[in-house]
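Submitted below is the structure of interest, expressed as C-alpha cells.
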Amino acid sequence: MYTEKVMDHFTNPRNVGEISDANGVGEVGNAKCGDIMRIYLKVEDDIIKDVKFKTFGCGAAIATSSMVTELVMGKTLDEALEISNQAVAEALGGLPPAKMHCSNLAADALHEAIKDYIEKKGK
Amino acid sequence: MYTEKVMDHFTNPRNVGEISDANGVGEVGNAKCGDIMRIYLKVEDDIIKDVKFKTFGCGAAIATSSMVTELVMGKTLDEALEISNQAVAEALGGLPPAKMHCSNLAADALHEAIKDYIEKKGK
Amino acid sequence: MKRIYFDHSATTPVDNEVAALMMEYMTEKFGNPSSIHSFGREVKKSVDEARQQLASLLNANSNEIFFTSGGTEADNLALKGLAFANRKKGNHIITTCIEHHAILHTCDYLEKNGFTVTYLPVDENAMVRLEDVKKAITDKTILISVMFANNEVGTIQPIKEIGQLAREKGIYFHTDAVQAVGNYPIDVKEYNIDLLTLSAHKFHGPKGIGALYIRRGVRIDAVQHGGGQERSLRAGTENVPGIVGLGKAAEIAQQDMTKKIARISTLRDKLIKGLMEKVPDIKLNGHPTQRMPGSVNFSFLYVEGESLLLNLDLKGIAASSGSACTSGSLDPSHVLLAMGLTHEVAHGSLRLTLGRGNTEEDVEYCLTVLPEIVGRLRSMSPLSASSKMSDSNPCSICKH
Amino acid sequence: MKRIYFDHSATTPVDNEVAALMMEYMTEKFGNPSSIHSFGREVKKSVDEARQQLASLLNANSNEIFFTSGGTEADNLALKGLAFANRKKGNHIITTCIEHHAILHTCDYLEKNGFTVTYLPVDENAMVRLEDVKKAITDKTILISVMFANNEVGTIQPIKEIGQLAREKGIYFHTDAVQAVGNYPIDVKEYNIDLLTLSAHKFHGPKGIGALYIRRGVRIDAVQHGGGQERSLRAGTENVPGIVGLGKAAEIAQQDMTKKIARISTLRDKLIKGLMEKVPDIKLNGHPTQRMPGSVNFSFLYVEGESLLLNLDLKGIAASSGSACTSGSLDPSHVLLAMGLTHEVAHGSLRLTLGRGNTEEDVEYCLTVLPEIVGRLRSMSPLSASSKMSDSNPCSICKH
C-alpha cells in the first residue's frame, strides 16, 4: 500500500512536537477526512531555523507532515512556499490515489504557518 | 437415483422381444418424452401365457416394462387389468419423481394390449 | 515475527479438516452434481449431506437451505427476491442504519426500483429499539431486515422480539446473520426468522460460499438466472468443494459451541478490561454485554484509526478500523456515526475481533504494545482533552 | 473398476498444482484482500497476479477482468449489466437459440423487464449465419450475445466476424466462452469482443469462480450490490483461493495449448471415426470441422440417451446426453431441436467430451463397449429403420 519511504517517515517521523516560541503556526485539515495537521515554525531572517509538526491522521498524513518538515528545514520562506503537496508526495515515492486529496495537506499547513508568520510580522 | 430393483430390471430386463403369434399388442408413449413401449401378449383361456416387450426409453421405461411383464405372466386378464402404473413403480421400490408421469407407462401399454386382444376376439 | 490475527470479523482461516475435505472434492470427487453418472451421483450425495449439516446448525430443514456464493449474494437474493415476489402486497421495507453495505446498497437499488425503505436509527450502543420497529410498520410493509450481530461493534440485536413482532403483523423477517452463524447459537424457529443470510468464511469455512435460509412456505423470486440448480432459486454449477466445506465448518462450529464462546468471551473481556485500565480517554463501542463473544471495539480519542492499525501491524497484530482512511471513503464508519459518535471519535476507532485460534498470550502481547502505540501517536497529535472535539454528524445513511 | 471420464464439458478435475496452491490460500494466506494489515496485503497482491494471469490468456489487460462466482453469474452480469446501463440507447438484444440457459433465462428476465430479444436460428451444424445476425439488427439493438463454442455439440461460431459486424454497427458484443476459454485459443482484441464470460471449472480450475472480461471503456451496471469489491462492479468478499486457482489454471492452460489441442483432437477424431465404422444408423451432431477439440456428440437412432448413459456408467464411462430424461424436463436438448433434429433422434443423443487426462486406451475401451450397448438397446427397441421416425419439432425457444 505505502512505499518504503512513507513507512520510514511514518514509523520514524522527523521533527515531531511543538516549538514553544514559534513565530508562525498553521493548521489545516478537517474532521470528515480524519486529518488535522499543525506546523510550527521558527523563522529568522526569512530562513526556517526550526520546524515541528503535530498531526492527527492516517499513515499518509503523518508521513507527509514529517517529510515536509525535512524538506523546508533551513530553507528560505520563498523556497518553502514553492513546495507543493504534490512535491511532498513525490518526495515520498508516491502515495496511494485515495490518499492524494485528503491526507496530503502538509504543504498547505506549512503555507498557512508562513502566512501566519508574515501576518504577525506585519503587525 | 434409481433403486437397486430398477437397476436390476434395467440391466437384466425380463421378457424382452416380440411374440410372432401374439394375439394382443399394445403401444403407448410419445416422442416428446422419449418413451415408447410395446407389449405383446399371448392369451389363452383369458390367461396370459406369454408376454414380451419392446421399449424405446430411459432406464425407468425399460425397468417398468420388464417389471410389468413379470407381474402379469400367468395372470388372468382381470387380474392384469388391475395392475396400475403406480403398482409397477411400487414393485420396483419406487421411481424418481421426475419419472413418475412420463416413463411409467408400462401398465398402460399392457392394458392397451389386453384391449387389443379383446377387440380382436370380439370380431 | 510474532503474528497475531485479531480480525476474525473480516475473515477467518479455513479449518484444516475443512480444507483437507475440500481438496478431495477438487481432485478426486470432482463431478458435477447434475450429472447422472457415478462421478455426479457421488457428489450430489455429499451436497445433500452438507445441506443437512448446515440445517442442523440452525435448527432448520435441509430443504430450507439454498447455497449462494457468499453473504453478499444471499443478502441480495433475500431482499430482491422477496421484494419482487411480494410487489403486489406492498412496497415498503424496514431495515436499520447499521446494516452491512450488502443490505444498504441493495436497498438503494430497491429504492430506485419502486420500493420505499425506512432506515431505523439505533441507540448509543448500536441497539435497535423495538418501539422504533413498531412505529415504522405501515400497511405497505412487506419485509423487515435487521442484522443479527453488527460486524463493526458486535452488538447483538433483539432478533427474537423483532421476529415475533413481524410474525404477528404478517410481515416477512430477514436477518443478516453473517457475523453470528457458527460463532453464536441461532435457532431459526425459536427466533421467528423467515430468511437468514450466512457466509462460511466468517466461521472457518471457505470464502466464496454462503447460504440463504428460507423458511418453508416463503416464496421469493430468483435473482441469478440459468440452470435449475438449488431448486431453480440460484442458477450456476454448484461450488461442490465450497458446499462440503461449509457443511463441515457448520458441523465443527456446532461442537462445543458453548465452551468455545465462553473461552473467547473471557479473552475478549480481559482485553477490554486491560485496555480500559491502561489507556486513558478511550470509549468502548457497542453494547457492554449484548455483544459477540470475540468483538472488541474502542475509540481512542485524539488519534486516528489507520495509524493505530499500521503500527499494530508493524508489531504483528492484525486489526481493523472504522476510519475513513481505512475504507478509502470520505466518511468514517456509518455504524459509529449512527451510534452518535463524532467524526473525530469515529476516526479513532479500532476493532479487534478474537477467534478460535487466539490465546491469553495474544491478549497480553496486545496489552503491552497497544498502550505504547496510543501514547506515541497521542504525543504527535494536535488534539487533546483540552482541544475541542466536536462536529455535527447526522447519519449519512439516514439522510435518505 | 476402470473409470473413464468423458464429460469434460460438464466439469473437469482441478489440476493438482492448482489445488495445492488453493490449500495455501485457505489455511495460511487466508486474509481478506480489503484488509490493510499484512494478512490482507499479501493476498491482495496474489489476487492482482491472478488477474494478470487470466488477462494474459485472453490478451486482455488485467483491469478488464472482473471475477464472479462462475459462468452463470458472469452471463447474468454481462447481459443485465449492459442492458440496464444502455436502456436509453435501445432495448433490443440479439442472441441465439442454442445458448446456455444462463443466457436464455437471463433473456427471459430481460424480456419481462422491457427488453426485446431476437433468438437467431442455427443451421444443421448448429452454426449461426452472419446473414441472420445482420438482418436481425435494428436501430434499437444494443447488444449481440453469441456463444463461442456450444456446450452440447461443440460447434465453434464465427465470433471474429460477428464481433466485427457488431463493432461496425456500434453494437456491444458479448460472447459466452465458458466452453472455450482454457481449451481453445482466444484473443479478445483480434476477435472484437467487448464482453466475455468464462468459468474456471471447465479448464481444470475450481468450481465457484469465473470472470467477466469487460473491454476498457464499456460501462455496465452492477448486479450484485454491497461492498466496493471488483471496482464496485461485483460486491462480496473475494473468493481468494478460487481467484488464485483460476489464475493458475489460466497459466497452465496457456502452456503448450496447441500441443494439447492437437492431442485431444486426435483422440476425438479416432473416437468419431471408430463409432461411425462400428455402429450403423448414427448421426454426428455439430459441425464436422469447426468443433471443440474434445467434443463428440452422436445421435444413436432408435435408442434413448439416458439408457445409453446408464449402461456406459455401469461400464465405468461417464458421459452425458441431450435426452429429456437426463435433464428431468419434458423436451430434449433445445440445441439439438434448433439444429432440426426430431424429438426421437434428439433423445438418442450422447455427448462424450474428452480432456487432458484421457488416453488412447480410454478411446479404445469406449469403442469396445459402446457398440455392444447400442446393439443391445436396439434389440429391445420397437423402433427401427423401417418404423417411422418423425415428429414436428419447432425449436421450443424460438417460439418466443
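We just call them A, B, C and D in the order they show up, numbering each chain from 1.
Going forward, a contact is a pair of C-beta atoms (placed from the backbone, for glycine too) under 8 Å apart; a residue touches a chain by one contact, two chains touch by 3 or more.
Protein identities per chain, from UniProt: A, B = Iron-sulfur cluster assembly scaffold protein IscU; C, D = cysteine desulfurase.
Model, not experiment: these values are computed from the prediction.
Undergrad: Taking contact as defined at the start, I'd like the list of chains shared as neighbours by chain B and chain C.
TA: Chains in contact with chain B as well as chain C: D.
Undergrad: Please flag the chain sitting at the greatest distance from chain C, going by CA centroids.
TA: B
Undergrad: Between chain A and chain D, what distance separates the C-alpha centroids? Give it in angstrom.
TA: 57
Undergrad: At what distance in angstrom does the C-alpha mean of chain B lie from that of chain A?
TA: Using C-alpha averages as centres, the distance is 92 Å.
Undergrad: List the centre-to-centre spacing of chain B and chain D in whole Å, with centres computed as mean CA coordinates.
TA: The separation of the two C-alpha centroids amounts to 40 Å.
Undergrad: Counting only residues that touch at least two other chains, what does the list for chain A look like?
TA: none
Undergrad: For chain C, what residues touch not just one other chain but two or more?
TA: Residues 36, 306, 310, 326, 328.
Undergrad: What residues on chain B touch chain D, complex-wise?
TA: Listed in rising order, the residues are 2, 7, 10-11, 13, 16-17, 27, 31-38, 53-62, 98-99, 102-103.
Undergrad: What residues of chain C sit close enough to touch chain D in their complex?
TA: 3, 5, 7, 10-14, 16, 18-19, 22-23, 26-28, 30-32, 34-40, 69-73, 75-76, 100-102, 105-106, 108-109, 199, 201, 206-209, 224-228, 235-242, 306, 309-310, 312-313, 317-320, 326, 328
Undergrad: Contact residues on chain C for chain A in the complex?
TA: Going by the criterion above, the answer is residues 302-307, 310-311, 314, 323-326, 328, 330-332, 342-344, 347, 379-383, 391.
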